[in-house]
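If you scroll down you'll find the structure; I have some questions about it.
Chains: A, B and C, in written order; residue numbering restarts at 1 for each.
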Amino acid sequence: MSRFQEKGARFLLTLPPAAYLLLFFLLPGLMMLLASFRFPGDYGGLAPWYYLEEGSLTFDLTLENWARLFESTLYLQLLLKSLLFALLTTAVCALLAYPLALTIAASPKRHRELLILLVILPFWSNFLVRIYAWMIIFSPQGALTEGLNQITALLGLEPVNLMFSSVAVITCLVYVHLPFMVLPLYANLEKHDPALLDAAQDLGASRAQRFWKVTWPLSLPGLYAGAVLVFIPTLGIFAIPDLLGGTNGIMIGNVIKQQFVESRDWPFGSVLSLVLTGITLLLVVIAGRLGRTPGALT
Amino acid sequence: MSRRNPFVTAAAVAVYAFLYIPLIVVAIFSFNDSRLNAEWVGFTLKWYRQLLENDAMLQAATNSLIIATCAAIVAGVLGTLAGVALHRFRQKWLTALVLGPVAMPDILIGVSLLLTFMLMNISLGMMSIILAHVTFCIGFVAMAVQSRMAGMDDTLLEAARDLGASPWQSFRLITLPLLMPGIVAGMMMAFTLSIDDFVVTFFTAGVGSSTLPLEIYSMVKIAVTPEVNAISTLLMLLTLVLITVLSRFSPQTLRS
Amino acid sequence: MKKLVTAVVLSLAAVSSAQAQKTLNLFNWNDYIADETVTRFEQQCNCKVVQDYFSSTEEMMAKLLAGGGDYDVVIPTQNAVEALIKQGFLMPLDKTKLGNVKNMAPGFMSRSYDPGNQYSLPYAFTTTLIGYNENRLQELGLDPADWRIIFDPEVLAKLKGKVTVMDDSEELIAAAMKYLGYSVNDTNEQHLKEAQAVILKAKPYWAAFNSSSYIKELTVGNIWVAHGYSSDMFQARSDAREAGRPFSIGFSIPKQGAVLALDNMVIPKKARSPELAHQFINFMMAPENAAELSNIVGTGNPNAAAKDLIEPEILAINAIFPSDPQLETLETISARNSKERRFTSRLWTEIKVR
């Protein structure tokens, strides 16, 4: 291809998607940045940020939205709680996903595709359906709560209410994000060379040693990939705490939603969103670094 | 790794059960003759019948289909271009731009687009939803196309060039047909993501342009009747059909 | 590819043609109009009524201001009407099309939020009070006609996880102000902060903030005490009776007083069918239709001509038709200015986050 044609092809290929995303992804980000310095409108939304009167231009911007973040430790606590929830969710996902991925990877080749499909299938049901399912299971009049309370009654403890608790929120968060952990982990484990384990066994390693010294280290990149795929979306979620969390399962996503929809304090909502964006970017960068560990299989 | 630990296998089975039991509960109670989702009273199809008379739900379903189709087509075109470009030219900035919406939590895309639409005086409605959906779908199509290109045989293109084909001809007659499975898989992925999307749609939907997930959300919040179970079960069946078709067409996409 | 495009175009055409039949877009509170009333109007006007709902004034304002002005009729509360008028959002009513206006009781007309009723006409009124499971509260020996039942930690300890409050900053803060003995329209920042403190102390005992499904939660028995609207509690009581529940739902205005809300019918400027909108408003002011609001939905009624058609047992319910001494303790929330609104909004965010 001639130089000209090469340049032309490059232009034709990259321009349409780039233009679209600049307009609908980058530009909104910049507008959000500007919005974080504006005043909220009288009835919500945004107040104008400049006034053109008699040829003179005055700007109406403020730092008070950002200052509000630091006025008390409230928002820091909110952030930490959201990070904690996300961390817990990721940990439980890893705990549940690992045996599953191991089993599928250890199955005969012809079964693996089906087994993986069975993992993905629930994920392809509607997001809200999955939350609704847990609302039914945790309902105060449902079998689970009744059964649990019969046990607590026997033990002389107070009856528990599973609905509107952190337990409910975490369980549902895990449920919704589990496939994101299983898939990268499985993709990693599948590529492990069985010869390595055979060699370890020949050298006298016990089952536990074989796992911790061979399988585990090699699986780490898959685990990190899964962790990132679970942690980041979990941080921004609001529907699950909204429906299952009651009065204190609030995460940062809920507060952002509340600012934009109910309180209509868009500048402050923008501030919170930018904080979340910053954390996400940081995590993506860290994950990128971790993923480049030597000996990675993915 | 042919030695299997019975505890690990048992744990795996337990996780499978964990994945499926909630959905089975929803499906079972969709046939329950009681407003409460607590105990089994009797078998009935009335919730499905009521569903078919629920105009708001039917309109929402139609909207979801229209939006998903449009989004899949536009994202398909833009995503294919991006995927090819990324494979050929490996621009870091384009990667960040294309995969950015995929990496970010949905809520950020939702609120930033809400902000932008309001500031640009674009009224919220079906169009705003489609524009929003395309934004995060492009990345998925691009990934599917890029991985397909990576597995392609470059010698075919070289041969075509040797035989005198122009770059446009070799793209149209060789690259594109070979890419087709990847493009279709990416588009089907975009379609499914669009139909299922809740968060982004929540912020960019206008009055009168409700989608199925939004409708389910308001039903769950306000008037929880087993109609929700019925629509959920139907949706699960629909996705089962889609997945079966997808897996026949291109098993590799399931891995992305 | 061609087939796909054709299919899309055809379905788009189908969707738009389906909307060619006359439709009235009604934006109303949840559970605030009877199905029978809507059906009768549809028959009378030979049109279709498409309903959209909200469960708090905040939610309604947010939707309207986000460019959702295509509704034909909206039912806002009096302070929201004031705000909407100030924003130039509403269409002046054409009184020549509204003959039934003579049915309205004079005491509800031409109030300060819309002098001369240029933009709005009264629809119904409710009080925000406590709905409760009578049997459970009797067992526990608790008095529900007192805001203590949702704010006093001593009382709440017996009700942990069985109480919901409204997810509405105006209503909940107003209730806390009443509990403290202040007026709901008191905008003293110190007093509002005290109200916030009361709410935060009680919050750990509450199950959830819920403005939309507490009728069902009470009826089903998941919740024993709910903060909500009198009309909703009336419906919860009927629902529980119909479903044959082993308990009954009661509702009372707390002795410290409560919020009285007068809801109105308005027409946004951007309404697509103002003709139909006027027809609907006139329809709702006819005595037989207005009476259904009280008889079926359980609202208070500003329509004098409808009084004869309202069932006497409902007229006797003080929570719906407050007695004169009770009226002394009730207040309507007046519109706030933007500085006050921003202060309350911040308080509310903190309440949610802590």
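Following the convention adopted for this analysis, a residue touches a chain if its C-beta (ideal position, glycine included) is under 8 Å from a C-beta of that chain, and two chains touch if they have at least 3 such contacts.
Everything numeric here is computed off the predicted structure, so don't read it as measured data.
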* **Any chain in contact with chain B as well as chain C** => A
* Max contacts between which two chains? -> A-B
* Whole-Å gap separating chain A and chain C, where each centre is the average of the chain's CA atoms -> 36
* To do: Determine the centre-to-centre distance between chain A and chain B, using the mean Cα coordinates as centres, and give it in whole Å.
  => 17
* To do: Provide the list of chain C residues touching at least two other chains, using ranges where the numbers run on.
  => 220
* To do: Please list all residues of chain A that touch 2 or more other chains.
  => 45, 139, 141, 261
* Mind pulling the chain B residues that touch 2 or more other chains? -> 36, 114, 118, 221
* In the complex with chain A, residue positions of chain B that touch it -> 1-5, 8-9, 11-12, 15-16, 18-20, 22-23, 25-26, 29, 36-39, 77-79, 81-82, 84-85, 88-89, 91, 94, 97-98, 100-101, 103-109, 111-116, 118-119, 131-132, 134-135, 138, 142, 161, 167, 192, 196, 198-199, 202-203, 212-213, 216-217, 220-221, 228-229, 232, 235-236, 239-240, 242-243, 247, 251, 254-255
* Structure fact -> In the complex, the residues of chain C that touch chain A are 56, 58-59, 61-62, 65, 83, 87, 161, 169, 203-204, 206-209, 220-222, 338, 342, 345-346, 348-350, 352-354
* So in the complex, which bits of chain A are touching chain B? -> 1, 5, 9-10, 12-14, 16-18, 20-22, 24-29, 31-32, 35, 45-46, 96-97, 99-100, 102-106, 113, 116-122, 124-137, 139, 141-143, 175, 178, 183, 187, 192, 194, 197, 207, 215, 232-233, 235-239, 243, 253, 256-257, 260-261, 266, 269-270, 273, 276-277, 280, 284
* Structure fact -> chain A contacts chain C in the complex at 40, 42-45, 68, 74-75, 77-78, 139-141, 161, 163-164, 246-248, 250, 254-255, 258-259, 261-265, 268
* Asked: Which chain C residues qualify as touching chain B in the complex?
  -> 4, 7-8, 11-12, 15, 25, 30, 50, 52-53, 55, 63, 66-68, 70-71, 212-213, 216, 220, 243
